[in-house]
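Chain IDs A, B, C and D follow the sequence of writing; residue 1 opens each chain.
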């Protein structure tokens, strides 16, 4: 099941062009991923995983601008899971509208804490990702 | 000719993981593009262009982490120019090393100020992009 | 009545020193003020006020560090209201603890939209500030 | 001798009101302090000091707005030094004008790395602060 969360656009998210700045979307998507893990697992469980994940690629399509007071809905879901990597899709829409603001793919790799080499995605991390398809 | 600029990593660029946060790279790449236009044109000339450009896609490969006190070199160049759109490539490396931190493609479209429809990239904007191949 | 709101500390709020960065607190206090006005008035009502307010002074005491996963409670209240200016007090504490992280005073002045000169704080703005004592 | 550095205002520094956002000034002042220490000492020397300094108070007067393309001059100097604490003054002006944008006092305390208790400001830190009066 997809995870969704809301963020209201404030004056400090806006840049010279009167719209939400690109870097702010990257931050909002990170916030949504933190909430996804917070809502569906415990910090204790996650902190026990042997293999942290690192972001290796972000691909963002900016489809429409967002402006102050827009309530953004950030939908986070699993697009694909391989042995050592996974792709999370994040779509930002404006609440009570059909407007898609951003479509993004975020690719992670699980790595060994010591060697830094890719390792299989396992345990609670794989469960969370499977459940968010 | 490529444009290059430097940014030193400070404590406020760093996040929980001890490395430069993703959103900060997006901001640093925006800073580099502002400097590119600043260094190679005048604000007066640019402000006269009929057609502003908007970013429609950013694709970022994170290749290596950057840490505090690293001097980052941001190389900005034109990857391709079409009739109404162009792709700028930005590569971030760590000074005095072979370490590539980020490789990114930023795709722009020129739009009509009134209708918002794509229009040909012309004038000084096309000249600047052609010169940065 | 004071207004309170919560923000959970995320990895991107943290800086080199492992604690929430100062600029982030300034941003969090701005977010809390936006929520205060959102929760207690309508945008339509506020947008009709003749005199926008501008921040002229911020005084922040940093009393204790905040770290990732802390749930911050931001308490916003009116400290004093004069004819043309007011002081809002914002206190940030860590939920389920006695730890005060930040105490701040934010001083605003109401100004005339055209002349920029200080004018009396009136209407809904004064009502909201009086009610938050 | 005061330390001065320049930062050009970009589109991403600007917020809804068309001016540099407050939190950005706090970040710019931190950047200026990093450059101050970078320009006048070595990282090796500073990293050897026994007692790190922590900011305990920031008091900021916002005197005038700054807008895109303004070149800001950030002047950093020592206002006072006590036994365990010091106050740095930072003034931001717009280049080639008499406009003061921000006046700020930043109060630091030297603390013991282990106990967290205030300790005397000594060595290179005291020398740097004395020299910036």
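We take it that a residue touches a chain if its C-beta (ideal position, glycine included) is under 8 Å from a C-beta of that chain, and two chains touch if they have at least 3 such contacts.
The shown structure was predicted, so the numbers you read here are calculated from the model rather than taken from an experiment.
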Selected from A-D, C-D or B-D, interface repeating B-C by over half of its contact pairs: A-D
Which of A-C and A-B has more C-beta pairs touching across its chains: A-B
Approximate Å spacing (C-alpha centroids) for the pair chain A, chain D: 35
Centre-to-centre distance between chain B and chain A (centres being mean Cα positions), rounded to whole Å: 23
Rounded Å distance, chain A centre to chain C centre (Cα mean): 28
Junction residues of chain A - those touching two or more other chains: 10-12, 23, 27, 30
Residues on chain D engaged by chain C in the complex (per definition of touch): 21-24, 26-27, 30, 54-62
Chain B to chain D touching residues, read off their complex: 8, 10-12, 27, 30-31, 34, 38, 43, 69
Touch list for chain B against partner chain C, complex: 10-12, 14-18, 21, 23, 68
